[in-house]
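These are the structures, in structure tokens.
What follows is chain A paired twice: with chain B in the first complex and chain C in the second.
And then the complex of A and B:
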């Protein structure tokens, strides 16, 4: 556990140096970009000083690290607050969206993948395979806009933007509106959040769903062909028990690794979804920061993404030990 | 004896339980969606403003939702320097000393919080008497003290349009002479002062003073709260998602009869397809005028949709770098002006806009309608080039222009096509917006682009806003992208700022415009029309060109639908 924690810290430290250097290679003046075309030269210079950009690069890095240890990232050129405040505010939206999307993708991907692998119906198997290719090849933004336009026109009162209906103002505890609405014991708010999540999560989960489904199907087919399965079938074991106890654990394990990697990749895809569905998350914030060359925000979002990735895979590693006893025994 | 296996849930039971959970959740969701209220309940709406929402207000709820193609920068009214989103929210939460209005067919500043005012003949001292009985949302009265405090805060904070006053007035020199009289003491005369005050908002001094440590000059606090006296109070802020304002019954101007908006929802919808869906479904009542002509065309004729087209005080130009070869030669600039295809630009790219006439847009007071307008004429263009100091081979060298989005690319392709017959070779170069800004703010005209396509929408109704970018002191700023240097022009501009006689001021503006047109400083392309999409149930709103002004909510009525 201590070794894992040290590994995480080392990874983040390395990322901070890389991001810090890369960001300063982006052309453009962040102060001018932040203040807009009406700003005078004096205003731009003042803002540059406020952001600490007038100092030498090594000093800027030391200021950045010392601020980070105090929980700050420096002034953002977009929001004019400390960048950490904004990232902590917007991150839960992205986390909620990606968690829901990934959970749906994993559960449905596994169920459909196992079903496709087990079925004797070639047509059904073919159809599911075709749908999975469609899910992989369709661009996320196209799916998102199509869903939004169709649902918005068919059901005019269905909420197609935002995180929650306009009428609700639940106290913010975790920033995850699903949980906060439950904590506030407001069931109407809970369902409103669900309503707002359906479309963006559906659009976001399509790619991972297709990938997981195909992997699980392939693993199921491979396991199904093994001799021990034939033996168990010959001994009269029901198909459902066969699938649940023997095929599923073997198929899920590699899918879990894939899901862990894709969960982190969803962060990149979330920008498009967040923009289309007006879901104010950190994906959208990261792109705005890139456009405005908001150095402090870019660094913060990149570090957050790195932390997100590292923690996700740590959780996946843990889950692996629960699912696959061979890994658990090996570690012991 | 029970064993460990007996205690475990069987797979069949587990699946049954799982299916049961799914069925219950689906039923609950369906029940919620089918039975959810169409109007908000009193318990769901909470207020974060000082004045709580009353049950009588909620009982007569008239909701209006506007959709913005851009995010707001900040709810701090002294922060934003040019976003219509910010202005449209600020003008409803706060009051100003002056506001834009149409007078004799032209958009001009008119007194608002100011009952009357005067300026000394030397233009250095402005004394303004305020309206009495204006109440902030916390019930306290707005006085001269609040104005002086707000203006000092504006100058010290140094954001928004405060740059206009640099060198003209210092913090601390604005005085409250008595409860309703405020005096602005300038170091140098500044005639655009009343117009510039259209973007200055008065804050509640007592309230803001309590939060001065929350960010710079209370910026962090003002970013999610308000301290205004305007017709609406801030109820809810969901950053980058939604802002909700509620009607303030105690507004000093009172309320006209009719279904006035009691609850205003402002939403940023960056994706145009989403905005169209919301407008068609009725979840959005109006857009902000920036959807793009194709979007308006597709919405036109749809049920309940109204598309209004209005002349816009906006200038679209081809900005010429007056210091960079070959555009540093006036004859080359004139040749470009003669060669440009204005007809195609205004009909195809601006969808039947009016050709611009000089640097001040049609419709803004101070515009000189006697100014010369170029028409495409290759004979005249070639005659001008023949007088150029550059040889044909020098003129044939590529003129590199930056292209960073499709709109700009279309304009430069048209310009390229227009200039080719006279031997000028425009070469488009892909770049980024930030890189382009950096090249201009470097301060070196040789690093800056040779040409730019630029649009300037009026933000405050003053000709000076369109003339000051040509002052040589603008070099190194985005506005100074023409790199124009003319001492006579600079001196005349300074003189106009000292002019207190309106007739003489108009003459100065006319002379300044003529100078720029005679020197062919830019190619004055277009004064476009603006479109607004709303619904048949929206009435009363008044078109004004200053960014965000048409969303002044007290003008609106919303019929039941």
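And then the complex of A and C:
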């Protein structure tokens, strides 16, 4: 357990070194970039001194790490507070969005995948395969703007931006509005949050849904051919029981590993989705930072993305050992 | 098992590659979806090559006609016009000359870095392998889009920089893939046989490991090409890729975003082309996978 935590820390340190070096070593002066072309030489120099960009890079890194350990990422050029503060503020929204999207993608992916693997109907199977390739070929931004435009036109009162209706004011406890609205016993707010979540989550989950569905279908087909299945059928086990108790659990296991990797996709996708739906999360913040070339914020967002990936994968790995006894035993 | 059907066929027909290729081609032709994908790809390549001949208003790639602003699709402008009065169909057609070649550049660059590293990791094993794989694992921790966005933003958004950024973010996948393939192949007896008669590691890597790794690699490359187009377009859409007035599909869609929902065609038409190209690449990749008999993803 401790070894795992150390491993994670080490990975994050290594990621921070990579990101830090990239940001500092890439040609292009971050100071000049951040200040724009109207800035004079003195202004650029002053900015460099203030941001500590004139010191040698290893020293900059040490300063960075020491302030990071104190919980500071550096001054953001767009919000004018410490970047860490903003990232922590906007993070729960993204967490909520990606968790909802992943849950949908996983559950639907497994269910549809198993059904596709089991079905005798060749046409249905073919159609599902076709749709799944379509799903992972669709550009996320296209799905997002199409949903936004169509739903916005069909249902003018439907919320297509933001996290919650503007007339609601929920005290922020966890930062996850779904939970906070329940904690505040405000069911109207809860449904408002759902309304705001449904379009972005649907656009976001399409890619992972398609990938998971394809994997599960392939695995189901492979499992179906195994001898123990024929054995069980010969002994009279009804098909539904076979599907639920044998094929489904075997399909879920590799899908979980894939889901871990898909979290990276989801986080990346959230950058686009949050920008389009003006959903105030880290993705939206990140894009603003990148457009403004806010070096500290960009660094912070990239680090946070790595942390997110490492943590979600650790959780998924843990779930995996719980669900699949073979993995647990192999680790021992 | 990484032994592809193509190589098995070739070995069966006495190393006659043309026979093996013909057999694979006949299998491929039976897969309707794969054929459709190949047809779509050929059309797209054709459009890209003859873009300036096909486009009805080729000068509209860069020239504005503000009197024709935001016209809806009509007979004279099949896809309508954009906010500067430029014919959208022409811009999208010329955009194929950007997205398609750049996708290849991206994938080739990633390959140039990832493939040798993966080969070295697989053949050398031990410390070298651990270092390379650990580096790859760490690199993967940052999602490719985030990485590409960050690098592109810092380098300064442009088409070239976004291509570099995306290629830079993708090398670990190539390294991992090749290393896994080499691992599988190392178990084969013919590898041990080669080593026992004194073949050097480099010789084995290039003459035995690489060709066998190549067939599943080709499938991976086709999917990667599709993904590269998606990433390039997403960067363009967010304004961190190709800049206006470059008619890159994503950039055009990003420009059109301010004019939704009224002038919906500006964002939608390039999006459809992006979808078609990625779809075609994926479908062809799938078809190749089925034909070559590869079971891994």
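Rule of thumb we're sticking to: the second predicted complex is superposed on the first by the 302 of 332 C-alpha atoms of A that agree within 3 Å, B and C clash if a C-alpha of one lies under 4 Å from a C-alpha of the other, contacts with A are read in each partner's own complex, and residues count from 1 in each chain.
The definition used in the following text is that a residue touches a chain if its C-beta (ideal position, glycine included) is under 8 Å from a C-beta of that chain, and two chains touch if they have at least 3 such contacts.
All values derive from a computational prediction rather than experimental measurement.
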For this session: Applying the touch criterion given at the start, work out whether A:145 contacts chain B, chain C, both or neither, answering first, second, both or neither.
Result: both
Exercise. Touching A:161 in the superposition: chain B (first), chain C (second), both, neither?
Worked result: first
For this session: Would you check which partner chain A:21 touches, where first means chain B only, second means chain C only, and both and neither mean what they say?
Result: neither
Exercise. Looking at the overlay, does A:121 come into contact with chain B only (first), chain C only (second), both, or neither?
Worked result: neither
Exercise. So, A:153: does it touch chain B (first), chain C (second), both, or neither?
Worked result: both
For this session: Could you say whether A:291 touches chain B, chain C, both of them, or neither, answering first, second, both or neither?
Result: both
Problem set entry | Touched partner set for A:275, first chain B, second chain C, both or neither | both
Exercise. Looking at the overlay, does A:66 come into contact with chain B only (first), chain C only (second), both, or neither?
Worked result: neither
For this session: Classify the contacts of A:231 with the two partner chains as first (chain B alone), second (chain C alone), both, or neither.
Result: neither
Exercise. Do chain B and chain C touch any of the same residues on chain A, and if so, which?
Worked result: 26-28, 30, 33, 145, 148-149, 152-153, 275-276, 291, 293
Problem set entry | Touching residues on chain C, where the partner in the complex is chain A | 33, 134, 137-147, 149-156, 226, 230, 233-234, 237-240, 250, 253, 257, 260-261, 264, 267-268, 271-272, 274-275, 278-279, 282-283, 286, 297
Problem set entry | For the chain B and chain A complex, residues of the former touching the latter | 11-12, 28-29, 32-33, 36, 38, 40-41, 44-46, 71, 74, 79, 81-83, 158-159, 161, 163, 166, 215-216, 219-220, 223, 236, 238-242, 244, 265, 267-271, 273-274, 277-278, 280-283, 432-435, 437-438, 441, 443, 459, 476-479
Exercise. Can you name the residues of chain A that touch chain C in the complex?
Worked result: 11, 14-15, 18-19, 22-23, 26-28, 30, 33, 129-130, 133-134, 136-142, 145-146, 148-149, 152-153, 215, 218, 264-265, 267-269, 271-272, 275-276, 286-287, 289-291, 293, 295, 298, 301-302, 305-306, 309-310
Exercise. Chain B touches which residues of chain A in the complex?
Worked result: 26-30, 32-33, 35-44, 46, 79-81, 89-90, 145, 148-149, 152-153, 156-157, 160-163, 166-169, 187-189, 191-192, 194-195, 240-241, 244-245, 275-280, 284, 288, 291-293
